[in-house]
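Two complexes, one shared chain (chain A), two partners (chain B, chain C).
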Partner chain A sequence: MRLGSLENLRSQLVEVTLALVVGFVGGALALTAFGYNALENIQVMISYGFRDLGYLLLKSAPIVLTALAFLVPLKAGLFNIGGEGQLYAGAITALFLSKIGFYLAIPAGALAGLLVGVAIGLLRVVRGVNEVVSSIMFNWTLYYLSMFAIQRYLLDPVYTHQSIRVDRVLSLPEVVTIMLLSPLVVYLLLYNTELGYRIRVAGSSSRVARYAGVNLNIVTIQSMAIGGFLAGLGGAIQVYGVTTVVDTTLSSLYGLGFLGIGVALIARGNPLAVIPAAVLVSGLLIGSHWMELRGRVAPELADVVIGVIILALSAPYAYRVLASRMGWGVGGG
Partner chain B sequence: MDSYDILLYLAFASITYMTPVLLASLGEIIAERSGVVNIGVEGILLASAFTATLVAIVTGNPLLGFASGALVGLLAGLIHGVLAVYLRADQIIAGLAFNMIAYGLTVMGLVSIWKHHGASPRIGVSLEEIDVAGYHVNPVSLASIALAILAWYTLTKTRVGLALRACGEDPRAAEAMGVDVNRYRVAATSIGGLLAGIGGAFLALEVVGQFTRGISAGRGFIALANVAFSGWNPLLAVPGAYIFGFLEALSVYLQQWALGYEYIARTLPYIGTLLVVTVFAWKAIAPRSLAKPYVKE
Partner chain C sequence: MNPTPLSSNTTRPRQAVLMKGITKVYPDGVIALRDVDFEVYEGEIHALLGENGAGKTTLMRILYGEIRPTRGEVWVWGERVEFRSPRGALAKGISMVYQNFTLVPNFTVLDNIYLAVSSTMRVSRGEVVGRLQTLMGELNFKIPLEATVEELPVGLQQKVEILKALVMGARILILDEPTSVLSPLESRALFELLRALKAKGVTIILITHKLREVKSVADRVTVLRRGRVVGVFGVGEVSERDLARLMVGGDVVVEGRKLEGVRGGVALRIEDLHVRDDRGLLRVKGVTFNVRYGEIVGIAGVQGSGQKELLEAIVGLRPVERGRVLIDGLDVTGYGVGERRRMGLAYIPDSRVEGLALTMSLTENSIIGLLERFLGRLNSIRWGLAEGYASGVVRDFNVVHRSLWDPVLHLSGGNQQRLMVGREISANPRIIVAHEPTQGLDIASSNLVRSKLLELKRRGSAVLLVSSEVDEILGLSDRILVMFDGRIVGEGAPGDFDEEKLGLLMGGFVEAR
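Here is the complex of A and B:
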């Protein structure tokens, strides 16, 4: 560990805790504004969200992967907000190959995500297309293509509101293993390999990268490929480990990519911190569905809370000003 | 209808479909020219479409709907401007967060007010359309084209425009010219939000006729694509938005005829936008200080 990193960790923990408080205050305000009992509903959300540990971990796994899918390109200075579409590509590809076999379907899903990531990277490198814009265009295109694929090729003959069911599924320990190992692998990749070094140098500044002899174009494509691979894997895991079917409106996939972005930001870009951050976010997600059952509140309250948390975290400078005014003495430029 | 009639129909329908994207693009060009990028336009479209729907249904007056949408956009732009300028927030991340919040709030609103997860009731009122050569054109669509000319003139031919562009290119030099960079940036981002807010109101009142969950459907990002396509030039944003409007009109038209392939038809605006920005990537140069907070020394 580098010198001062412990101090750094402490100030980040305080920062995230403050942001969580702000997030829940934001959620409470939204509830009050729409005429709900804020305290009661948030209490349900929190107390029910974290009850079933197995379910909590299961739901966290795909979000861990989409968070890493955002995080790796972010280290290279790229905003991969295409995790959503890459996840669809992974899920649907894996579903298509369910008859061929489980061991092929999951890597194929990851590969499909990788291809989408590479496409976004190539468009940026070759044609200068901003990755944020192309990511969103891919997300929507893949959203409709996935619905088309389910409707036309993968529909269950009996339950026509969903796809066929996959035969073999991942067990809970298998899913949890993937969930715990992926951040570790990404951590080692970023901090202990030549590729990871080049990704981080590319993200620091383009001038530094040029001095260090790092080819930004290649790193762009490599980091987007890794990001796409992880999100695609997340989609395959969602199908084979969590839901086993995909409904025709894609509601079992929708939003997982965007939640990953939130998780990566709450984790402050640290691959290992993605695990607790994902557990937190999926707890809120599960809790919000309980809240809907109990209080008829839209579960999208979770989006509001997570959005406000991210908004609060987007301005570390504001926090530093606050800290110095209050005399907390947490350092940093 | 023969193919000529269909084309003419699409050509006019495109003017309606282009309008929310054009308004959002113009707003974003103004904000980005001052040095602030706001990818929260997607969320502004959602929030203003929701508010405009609610106000128009309650009051029965579409103009009040537009006014409320504009107000919500202005407030959202102001918040983003303050966050970006004075609190030096990461502008992309703040925008992403705002989009999430707007999505969550509008769905909560749908459920709370109309007890429905997908859509509001029909609004039932809209603006009177103008007759142009036998085709109906919305007055706001015409106004938004006039606005593009006005924005171009203001940005390139006036002192205020020069000062605003200086903030986005070289804030230090702007400060030396006696320009209050931070105030200009907040004002530009607020105006940008206001225009996107009118776009959102238009989307609900004049295009869809009701509020639906996620009604913006990527139009905010299509506007961002259009900003780059236009090379940050309001005049070129008009043909850019028109291309998108045409793609959407075509998509809606095809959805009625391509039975079984509706979902494929729906991908058209997104694939088309991607193709346009890929083919016309003429390396237009973004404002040099875009998304960089200005720190006085």
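Here is the complex of A and C:
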């Protein structure tokens, strides 16, 4: 597919700018309401958040992948809320494999995510279980399974609050390469291949898909497999390229999958736009930690500020997606 | 301060509705109505005649308060009104009966009517029953009030809608293409009812594109073309021919020409086919026929006689209960849609929502179902090739568009229909199944589509045409099958049928010999 018309691009830019303004004003209001100096704190958040480029990109990479993990099934009309669990599966599997050989660990992590995705797809196709419901259940199941696995099999004998440490296999340039290439590959897959076309037709309307001879069951499993693969890859990269260790409470993994949903929505479902969206969100996240540190803002409030901004950015597109799915008579998707 | 009357008749009856200078511009910039004046007298049957897309329904939805005009005034019973919703229109005694009924299918007749009436006034079920009995007595027909609506034939369901409107106090009744779902006999019964209503003093506005209806039941007629009024007449003072010319605007070609072709072998064979619908009801009850190469077989029938289920079974969208479908002598009953398409079968569905992915572009929609032809290395799509194909389709079928990469969503209904039909025909299929291919098209576009189907046949393709338009079936087919209630009840060459005989067969009144 070709890029949208200039007019379309302009209206999107206006929408994003407005959303940013609304988001920051909302965040500032929240800060003021709790008695903090809004201007000062937001300034800290922005200036510190985007200062260390290497760290920023490193933080963004897993989110790019979980955003794509949400985006591909979305194009087929499926809500993959399971990126979170698929990411855990990828990270823990990769950790396990560090004992055998790390060059296998990353593809194995991706494969583990893929299997979780396929399981969710199969449940939907064979048993008619809504993918949102099964995704959420898988998320929790995998959350506790992962904690168990770390405690039982992967615990560091010295630092007992975390797993064994792996080598940083992926250098910063390698992580950035994966982060930049994955969206491109997904874009080409969606818009320039038969599979991508089938996925998008299925997402446009199941009736049309049937008419076109697209097997909806197969597309469901395929798109969930791709989504799971990407999230699993994200988990493996988080371990081998970013943290090299996972603590027993999974705090270094927790939330990356959900963040991907917001990022995919901010990117308006465009795989290439996922990159700047992920960088923006990561920057805000890093900045919010500085805001806690410098401005003594309560962590919960810092989360509220970021939440308001992400909400403002993603709400218009999220509404359009929902509206077109529910038949509210608004174009979108 | 009454408005000045538009006609200068001295013994003028009381004015029921006056719409003055109505202009409607939709948000997407489409001008549906331009400065339309429309006047209806009390107690008359007034036909609002025009082609699809002429603006008839838009005008009436404005009168009914569903949409608001961009400019213009509406007067009802001599009083200026500005309805914000149909509720306001109802209060003035205006009611509208749509093509798709607004009845709850699994409620009884009485429940449906009571549901509607009790939402606007305080009334007991007993009172409603009493009023219904009186009304049915006066109008001389009976509907069992305890019957479930979905069990009633369509003609009776429509009468339930009309009764509902009357009980709610309608004095001006708008009927939107009321005969489009009826058999000829049911239509006749409806007209009798309309005359009886008129005798009771009810004012009726009849939205239609059928000339014969205007002549047989209306008193006066307003003709709309492309959002403008092009004439207002007493029905006695104008001929069908003149009305037709006004309606379509000069370019009148009413029939598709037949072209002789070389008849080949059997392309498609249907054997004792039984098919169920989504609710599990048997809708196709033992149908057998052949379609040969170089032949157009037309299936005539009232909508809902099982044609949809039959066609879906033929193209592979619907499972078969019993019987077989053969393409080139090969049993394909178990094949999927894609496999049948690869054998050269094309399908024009009767719904654009089924045939077009609305959020995707013209180019992407042009290759739905033909994807294999546009694949390159690594199953990549050759968009250049696809674009070329799409530009051929839009050129040959006059699809007005801005860019081939715009979503189909932004096209008007007629352009969507031409794109969908054009895509299937341009693929040069060996067998094509067309369901209401000219639906929603004006006469010129309809003729274009018909001539393309004839050309396809002349080049040796097999065509199976299903249409509820009798003229289309008679004009195009080499052989005609009439379907009623899931069975073929008549078969023959076009010469064996005239419109009346066809109409009676479609209504299920004559058994095939």
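What we mean here is this: the second predicted complex is superposed on the first by the 292 of 333 C-alpha atoms of A that agree within 3 Å, B and C clash if a C-alpha of one lies under 4 Å from a C-alpha of the other, contacts with A are read in each partner's own complex, and residues count from 1 in each chain.
The working rule: a contact is a pair of C-beta atoms (placed from the backbone, for glycine too) under 8 Å apart; a residue touches a chain by one contact, two chains touch by 3 or more.
No experiment lies behind these values; they were computed from the predicted model shown.
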Which superposed partner A:207 touches (first chain B, second chain C, both, neither): second
First (chain B), second (chain C), both or neither touched by A:197: second
Touching partner for A:96 - first (chain B), second (chain C), both, neither: neither
Partner with the higher number of touched chain A residues, chain C or chain B: B
First (chain B), second (chain C), both or neither touched by A:215: second
Touching partner for A:147 - first (chain B), second (chain C), both, neither: first
A:308 touches, of chain B and chain C: first, second, both or neither? first
Touched partner set for A:317, first chain B, second chain C, both or neither: first
A:128 touches, of chain B and chain C: first, second, both or neither? first
Residue ranges of chain C touching chain A (in the complex, touch as defined): 316-317, 336-339, 341, 347, 349, 353-361, 364, 368-369, 371, 375, 378-381, 383, 403, 405-407, 409
Footprint of chain C on chain A - complex, ascending: 1-2, 4-5, 192-195, 197-198, 200-201, 204-205, 207-208, 210-215, 324, 331-333
Parts of chain B lying in touch with chain A, wherever the complex brings them together: 39, 83, 87-90, 92-94, 96-101, 103-105, 107-113, 117, 217-218, 221-222, 224-225, 228, 260-261, 263-264, 266-267, 270-271, 273-274, 277-278, 281, 283
Of all residues in chain A, those that touch chain B in their complex: 26, 30, 34-36, 79, 81, 123, 127-130, 132-134, 136-141, 144-145, 147-148, 151-152, 258, 261-262, 265, 296-298, 300-308, 310-311, 313-315, 317-318, 321
